[in-house]
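This is the structure I have questions about; it appears just below.
Chains here go by letter, A, B, C and D, matching the order in which they are written, and residues are numbered from 1 within each.
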């Protein structure tokens, strides 16, 4: 099984781990992530005004490439996933945006939101299946108490991202169970880490990350996992860090016994 | 050619402000076949109707067009006026120039032009009208009440007291409904059971009332005055006549893990159970999905311990067919599912409960024997937070668009009861608006604040976060202080939106009673006929029609009973004469019409016809006017054009089309 | 005032939000993680737009404190989605005034080794034209 | 463009007595505006609408015809709207074959409680007909003035 894969800017630089572990794991699980040939940054932020078009084109380009290849598009970074999935929804359901974007793009065949956008976690849940994943785990992380940190971008707006119940998600918990560890459920796993605000308002980000980490710790989490490089940065940088934070792909690679391959 | 009189109503300024009434009269006067045309302030008034009578006499009118409000308002009025003037009432047509014209258009020229066209269409139709004569149908002097809650019980009692037989069909094992689950009632804090149980007993003992519990309506046929209903009496597995209600079976039953419906799943019940102690009838049922005997064939303990020999595992569902003249729907409500509201942690914490669950917690017969305690650890709470409007007043695909109406009052009640019984417990209520219209209602709410010190904060709760120590952290806004609050609570109570009981949808379909997008049954007129369904002979009682509290429900239940009594008191009903009629010269006896008729009103007979001098025997369709309801399905299905609908004939409708497209 | 009204219309257009749908329940402000840092609170954004008081919004520091975490958007029971209004107001400011909240020359000192590109990109998109 | 030259479509709406006509009444009493081009004909049930009526309307110069009935399952006569739905599906495809665009015909289910839906539907339908312009097919030239 081949998927078109969009890594995004950060996975090429500061979050190489997230990418490398995912690729190694994919190989072990029997699917391939085929990188988009010429991708540009998704913009990191879903365009703030409903009248913007130019900032959506990078996503449309990627989506169209997947469509032309007849593949689903897989993403890893929460922000990329959020942006591309929402742009895809616009292309499917908002006629104005669809026609304006296609006017710019001048594609051989107009793009109308045909591509299926999947987060890597969704591939694990819906394509591989957590039950199958469990069978393929060679090095179960038994006894580890892990808190899932979802953040905001993966889940909201729930109606469009349709990723999981935005107020009580379970996908990462199910993932944690599949790799043999014990999920720790805590209420702030879907609250914002502060995001980009940490650039100029460090205190704000700190207090938000503290709430998250304290809550997770309170419920017994020994570590947190996330899918987002920015969440990772904030949780590491802005808290008194005695709860380590990992990318979920790192634990996946470890459980599958392919961690060294990635390194 | 008819001699038609046209009357254009001003309806005060309702029509005249947008439609140039004088101009309509001027143009319409020119129409062929119109021999009289005038306008008047209020055609529906006594004086307006007198104008019709005068004109019929003076101008020898044969048909009448009234340009006025919707025929759904005053068609009957004008038909009666025509009758008084000596005309056949079906020689009247209404041009709806209010709801379909003056009220929805702003431009006078446009509206006037449209009014003229609508009048022309009505004139074209009247030109082809023929006198029609209603038949008669009988009235079965028995009423059916669907639902045995307070609404159904009250309706049944009122109908029975007037001397008519009433059957109540209740789907659960006991009558009593939601009210039996309540602890106290507002605004006087009567104990709910204390005022409900006497009514339940009265209904059960009433010689005119027959109660089918654990039963459902399976099928409804017929029409006003003459409904035939199949009632499915579900197998109780207990003989109603033998059981003494001793309760030993329930004690001994080894399967005790089924969530109690009556206690909203807060504790468990046995597989053989009566929902609550005062249940009527006091005869248990066996829940076959939970019963070990039914699941494995082993056990049979209840049969062994039953002294009366009442247990019968072989019982099967029984269908009872009854005839009724009137049907009252009183199916009530349920609270919405909270799966879309996980920010309140309802599914994550046992200490986040709905208000209806709190009723059970507060009730002496409930899961905590009436002690206010946290359901997670049984601890006495120090602080309880109430959240209003959970799922009400939403337009976001998660909740309901309407106000559930009862929550403000029951929350004040809960807060007051808690503060009264446990003065040490702090109570905070987050509200958007406090809505307390009703006699002594606002006073009640103010007492909660002023006498009982309940802390009302204008704002909403954004998140309830369960804490490692078992408490709940409530994050909310205080709009008057412009603050965001984070407060610790031990319990959170959600004023959950109510919605019509799920079974109402199927019942409405069976009754062909209309239902709105929220599954509330539609009343015939929002203001003037609030307890009648547009479907004749169907009446509405209680929350199935819209959210309401107990006093309102009881009032509406009485009103529905009066309407049903008014129907049952008649010996005969006039039937709608707008029925199908087959032209035997055109009919080829193909049976297509009978196949589409939902009422079985069409049969075939062999008649001798004289077709252009040729006499022959032919098989032709014959419509039974007593059964035909006048839908017209047969008229379109008929391949030879033999079938037509009186009052809405092909020629009449085509004349209207022509007039509009002219 | 008419200038303000135009801007209010622009905000409604950019955001696609109809602020009149608001029932003033305050759930947005109850849910906002940046509430304490804001001078104009999320629920007030709605009434400022309704009342055409855009100048106040434009100079509000709330514009730069909103995390765009969509909590208010997700939980708003009336589909008003105040977060979109804030995004739109911020757009209006950076588009019209060129009043960037993040100046290019202040960036170097804000950087650290681990700071992901995603953060910079996001901040640029939100703070600057 | 002056008001007088503006295209004013002729639109016939067949409404069943129990749901849609009542829905139209509710739109009226709620003062929900829709263009005066729409003229309503009351029929007992959507199943009373003979395809012949619709053909007749187009023949006489109607630019659009819409039929409204109770929601499927909610028919006052139990099954009438199912017959209507089937008949209209066939009729509309035949009309399209004759050159009467699908946009000129429409079936919509409007309950007695859906005044808003009635008015929105009519606004949409009139917009659609305006965009399609005058109906030239099937018009009987003898009917022209």
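Following the convention adopted for this analysis, a residue touches a chain if its C-beta (ideal position, glycine included) is under 8 Å from a C-beta of that chain, and two chains touch if they have at least 3 such contacts.
Keep in mind that this is a model prediction, so the values were computed, not measured.
**Q** Taking the mean of each chain's Cα atoms, which chain ends up nearest the overall Cα mean?
**A** B
**Q** Would you indicate which pair of chains has the most C-beta pairs in contact?
**A** Pair with the most C-beta pairs in contact: B-D.
**Q** Just how far, in Å, is the C-alpha centre of chain C from the one of chain B?
**A** Measuring from centre to centre gives 46 Å for this pair.
**Q** Please compute the C-alpha centroid of chain B, do the same for chain D, then give the distance between them in whole Å.
**A** Whole-Å distance between the two chain centres: 29.
**Q** Suppose each chain is reduced to the average of its Cα coordinates; what separation in Å results between chain A and chain D?
**A** Centres of chain A and chain D (C-alpha means) sit 49 Å apart.
**Q** Multi-chain contacts in chain B: which residues touch at least two other chains?
**A** As it turns out, chain B has residues touching two or more other chains at 343, 463.
**Q** If a residue has to touch 2 or more other chains to count, which residues of chain C qualify?
**A** Residues 71 of chain C touch two or more partner chains.
**Q** Mind pulling the chain A residues that touch 2 or more other chains?
**A** 167, 191
**Q** Which chains touch, pair by pair?
**A** The set of touching chain pairs is A-B, A-C, B-C, B-D.
**Q** Quick one: which bits of chain C touch chain A in the complex? Just the residue numbers, please.
**A** These residues of chain C touch chain A: 13-16, 33-34, 37, 64-65, 67-71, 73-74, 87-88, 90-91, 101-102, 110, 112, 114-123, 125-126.
**Q** For chain A, which residues count as touching chain B in their complex?
**A** 159, 165, 167-168, 185, 187-188, 191, 215, 218-220
**Q** If we count contacts the way the header does, which residues on chain C are in touch with chain B in the complex?
**A** On the chain C side, the touching residues are 21, 23-32, 35-36, 41, 43-44, 71, 75-79.
**Q** How about chain A: which of its residues touch chain C in the complex?
**A** Residues of chain A touching chain C: 8-10, 13-15, 41, 43-45, 48-51, 55, 77, 79, 152-153, 155-158, 166-167, 191-192, 194-201, 204, 208, 228-230, 232-233, 236-237.
**Q** Tell me, which parts of chain B touch chain C in their complex?
**A** 343, 389, 393-396, 398-399, 432, 458-463, 475-477, 479, 482, 484
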